[in-house]
Amino acid sequence: MKKYILDFTLTENKALHDAYVLLKLTPADGAPLPPMLPGQFVNILVPDSPKTYLRRPISIHNVDMERNELWLLVRKAGEGTKHLAAMPTSSIINMVVPLGNTFSYPAQKHVAPLLVGGGVGVAPLLYWGKELLRQGYAPQFLLGARSKKDLLQLEEFAAIGKVHIATDDGSFGEKGVVTQHSVWNDDFSFIYACGPKPMMVAVASKAKSKQTPCEVSLENTMACGVGACLCCVEKTTQGHVCVCKEGPIFNTEQLTWQI
Amino acid sequence: MKKYILDFTLTENKALHDAYVLLKLTPADGAPLPPMLPGQFVNILVPDSPKTYLRRPISIHNVDMERNELWLLVRKAGEGTKHLAAMPTSSIINMVVPLGNTFSYPAQKHVAPLLVGGGVGVAPLLYWGKELLRQGYAPQFLLGARSKKDLLQLEEFAAIGKVHIATDDGSFGEKGVVTQHSVWNDDFSFIYACGPKPMMVAVASKAKSKQTPCEVSLENTMACGVGACLCCVEKTTQGHVCVCKEGPIFNTEQLTWQI
Amino acid sequence: MANLRVEIGGLQLKNPVMTASGTFGYGIEFADFIDLSRLGGIIVKGTTLEAREGNPYPRMAETPSGMLNAVGLQNKGVRYFAEHIYPKIKDIDTHIIVNVSGACIDDYVATAEIIASLPAIPAIELNISCPNVKQGGMAFGTSCSGAASVVKAVRKVYPKTLIVKLSPNVTNIAEIASAVEAEGADSVSLINTLMGMAIDAERRRALLSTVTGGLSGACVKPVALRMVWQVAHAVKIPIIGLGGISSAEDAIEFLLAGASAVQIGTANFIDPAITVKVIDGIDDYLTRHGFASVTDIVGALETN
Amino acid sequence: MANLRVEIGGLQLKNPVMTASGTFGYGIEFADFIDLSRLGGIIVKGTTLEAREGNPYPRMAETPSGMLNAVGLQNKGVRYFAEHIYPKIKDIDTHIIVNVSGACIDDYVATAEIIASLPAIPAIELNISCPNVKQGGMAFGTSCSGAASVVKAVRKVYPKTLIVKLSPNVTNIAEIASAVEAEGADSVSLINTLMGMAIDAERRRALLSTVTGGLSGACVKPVALRMVWQVAHAVKIPIIGLGGISSAEDAIEFLLAGASAVQIGTANFIDPAITVKVIDGIDDYLTRHGFASVTDIVGALETN
């Protein structure tokens, strides 16, 4: 898949709440967006951010073909993402795009796949859910957060499939973590998970016990984004592989997690 | 003179032409400006400028007591000043202020002092000219530039005293460099010069030949701005002294220039 | 257009801009971004006799104007390289140079011999300066005798262009450069990474699995320039300068300090097309300043 | 409020935050910005036996996240210090420590003897690492025997707290630290500046009159942290860490790596009030993490 170094114009910067923004970007030269797959990511050069030397990898949240816009969900974690979240619309932002691999399709369409997201980990699940729906699958979502206000993009997810919610404080949906949710009583064709590592490990374990295939999206610290520097490696059954190139999507059977 | 670390709000950023902007700033907390003398400078922390590690020293161009505003004339020279020149109004800018010494008054009031500026070197002469006028002197200005469009703040200077002009291309005033100007046929009580070093050396030499006292404003590369790091030294008859603390204004007799 | 050709120990480069080992993969990772044939050379990643898994994750930490890495020479070994990777890259129209590392002299020699048999590899870069593995060569690179012994042994079996990559983690890099020159090295490249460390204060843990790692990026440029300058006054063989080069201006500074060519490393991560911009920028500079050839500015720094 | 007191070779500091020599003048230059009595200590600028004019201008160049300087120990000599400067600063309610440099051992000894006679100066920092003058001590600081010889001679005449400032421009800083510890140094401070260089490509000239100079600022922090970590594993005397500290978090990283105290240098130029912010930030950190005393986090880095 061809990779590009492209300038984008920031068309919208919407605060989702204190810690998250939704950025919508379109190629600055007006050209159509290059092909991008669900699960892939972009590597962003944060403008005018003195403490940010390297690019910042961010999952592709959605591709709006009609409006020629790429959506990114950004959590204000460090200096780089805080700077990014503060960019005014019409800013020019340089990205290397698209990077990484994509999710695998379930083997069957008559059983629903479950897409499990925690915190900003919901980001890649929107684009993937839309794609699954388009291909005739009936994706369901299980989204977890600390509290109701931390749930992101619920309406967008609800437009694609059934949404199950778990909050730590019980302020919305079922109380508890995602793996405690009653939706696990059902069977699914495939489990996809993205979120904090302990949550992904728990989901992978759940999937294993149900003998359901499971893919997770990893976000190891990276530098180059193209498989050159070997910094973002994950230990797999094949040895160390680059999350930026062989991932970020891995079948949990490839990983050496204790599940 | 007490020095402060203060946040200022940028109230106006006016492009004078391609290479220069006039910045007007007021203390962000609304407090009155601290006392500042002509010839002194501020040391600015340029916000969000990845290639600017140290503060940037900038001459005080004017102090507008009525509007509680400090004026800075900034030439877009390097990364720092370019960033500064691009700041939108209402930006918050941190400065250490005021730094350095001031000019000396002429011994007599019935003969005019001449303030000679080249390029962005005109900056400190506006505030000094206003102060001289306020104290009952009749300052005249001799301003040099490459071309008419490079002359800065002419109206402001004309409001204070007679303005003589020299341009390299003769597009305004007399053709030639400042030291070739016919105004040197007159006698002056004191010569003050600020601009590129070769121009200041030439003016100092002219002043010497006329046996007129002469002060120049130096802008050696500096780091701390308070006489601590000893980086910005000028060789004087007293040895190496800090331009940021013992200067930036020096009587040319103190210097070891070949004039 | 100025003449950009330079020569490094018998090797003719179309221009002085190469890519640094470990920052550009095998070149093909960047083929979407630039025309690889425009490069003066590609130095492919550190290769050892046997496959190495490298260090555990995490291997990277961002620092002010730079980064630390602790990759630790992860590679599939020289035989895998020769059989599986070499065929894919041998026809790229630029010089492919292999960076060779080892835990002992015999390893260096055996690896160099295998690389010597690959016709499309005209040179090796002997890495005696990897700070990230206990036996990554830095023990060789930090003493004159150690450096000399590796170079002497490899020189016997390697007839093509032999570049030696020097460690900056030494008291006197010029001495080491002289020692490897005396053993027949055709060129020295410097600097490898400075050994550094980063800590997560909140968690009270080192940010690298190995605690210490190699510092690279713009932050090291002043140290790299100084070392190139010192080595240029100590040796007659051509110097390849690297360390934080992020623009044509940076590259020109290294040439002025005495480097005959340069390598671009960490900057490839920030702008994957930086190499061609640097090549074009050097050309512009030479034209603008009236130099017919890039060799005119090598060591042309004026001091008084 | 946590207990911030630390001890350096018999010297009780009210907190671990001092200012680095050459970056804070004699302290009084910063009296408008901060309450000097809040500091753990002030290390005043490098003092030599005789007055020195320092190097010609230009002496400074900005670099990525740092700066180079080539001041070259400009000072009016120790006798001038004792007569004219000491009276002005002796009553500041913090420890005033004098950084002592010399061209030969006799100079160090004579200077230390004069400083020893000043009752309000409880310690000296022996600078065997100035990279900016030919005889600024770096020749002493880059070999174990050189370092040991100066410390041995000064130790004989200087009974108060003796801190030795180490050069990072060495292959093995831990060895040098051990050598000065063996000769009776009470503490080591590190790192002095890394030797670097900057060039104006357009004018093809060095940006410093001396061509090379000392690199400091945030860019050197990873190297400084690594050296503190290495030295902490080699010596028992307390370590004073410095090199790019620009925030409380940075200072805490040095403490975790094994420093008992820290010095803030170049950051004073960027924020003249940074020292008190660092002191307050360390206090906050200790409270937030439930540590009663700053000494609890010295060397508390977890590695596995």
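Order of writing sets the labels: A, B, C and D. Residues in every chain begin at 1.
By our rule, a residue touches a chain if its C-beta (ideal position, glycine included) is under 8 Å from a C-beta of that chain, and two chains touch if they have at least 3 such contacts.
All figures in this text were calculated on a predicted structure; none of them were measured in a lab.
Undergrad: Find out how few touching-chain steps suffice to connect chain B with chain C.
TA: So the least number of steps between the two chains is 2.
Undergrad: Using C-alpha centroids, which chain lies at the maximum separation from chain A?
TA: Centroid comparison gives B as the farthest chain from chain A.
Undergrad: At what distance in angstrom does the C-alpha mean of chain D lie from that of chain C?
TA: Centre separation, chain C to chain D: 34 Å.
Undergrad: Give, as an integer number of Å, the spacing between the C-alpha centres of chain B and chain A.
TA: Centres of chain A and chain B (C-alpha means) sit 54 Å apart.
Undergrad: Calculate how many whole Å lie between the centre of chain A and the centre of chain C, each centre taken as the average of the chain's C-alpha atoms.
TA: Result: the chain centres lie 36 Å from each other.
Undergrad: Send over the residues of chain D in touch with two or more other chains.
TA: Correct list: 63-66, 217-218.
Undergrad: What are the residue numbers in chain B that touch two or more other chains?
TA: Correct list: 52.
Undergrad: Considering only which chains touch which, how would you classify the arrangement: line, ring, star, complete or other?
TA: It is a ring, because the chains touch in a row that closes back on itself.
Undergrad: Inside the complex, what are the residues of chain B that reach chain D?
TA: Against chain D, chain B makes touches at 2-5, 45, 51-55, 96, 220-235, 239-240, 245.
Undergrad: Along chain C, where are the residues that touch chain D in the complex?
TA: 63-66, 68, 142-143, 169-171, 194-199, 201, 204-206, 211-212, 215, 217-223, 225-226, 229, 244, 249, 252-253, 256-257, 285, 297, 300-303
Undergrad: Of all residues in chain C, which touch chain A in the complex?
TA: It comes out as residues 22-25, 29-30, 32-33, 45, 53-54, 56-67, 69, 71, 74, 217-218, 266, 268-273.
Undergrad: Give the list of chain A residues in touch with chain B in this complex.
TA: 48-50, 52, 83
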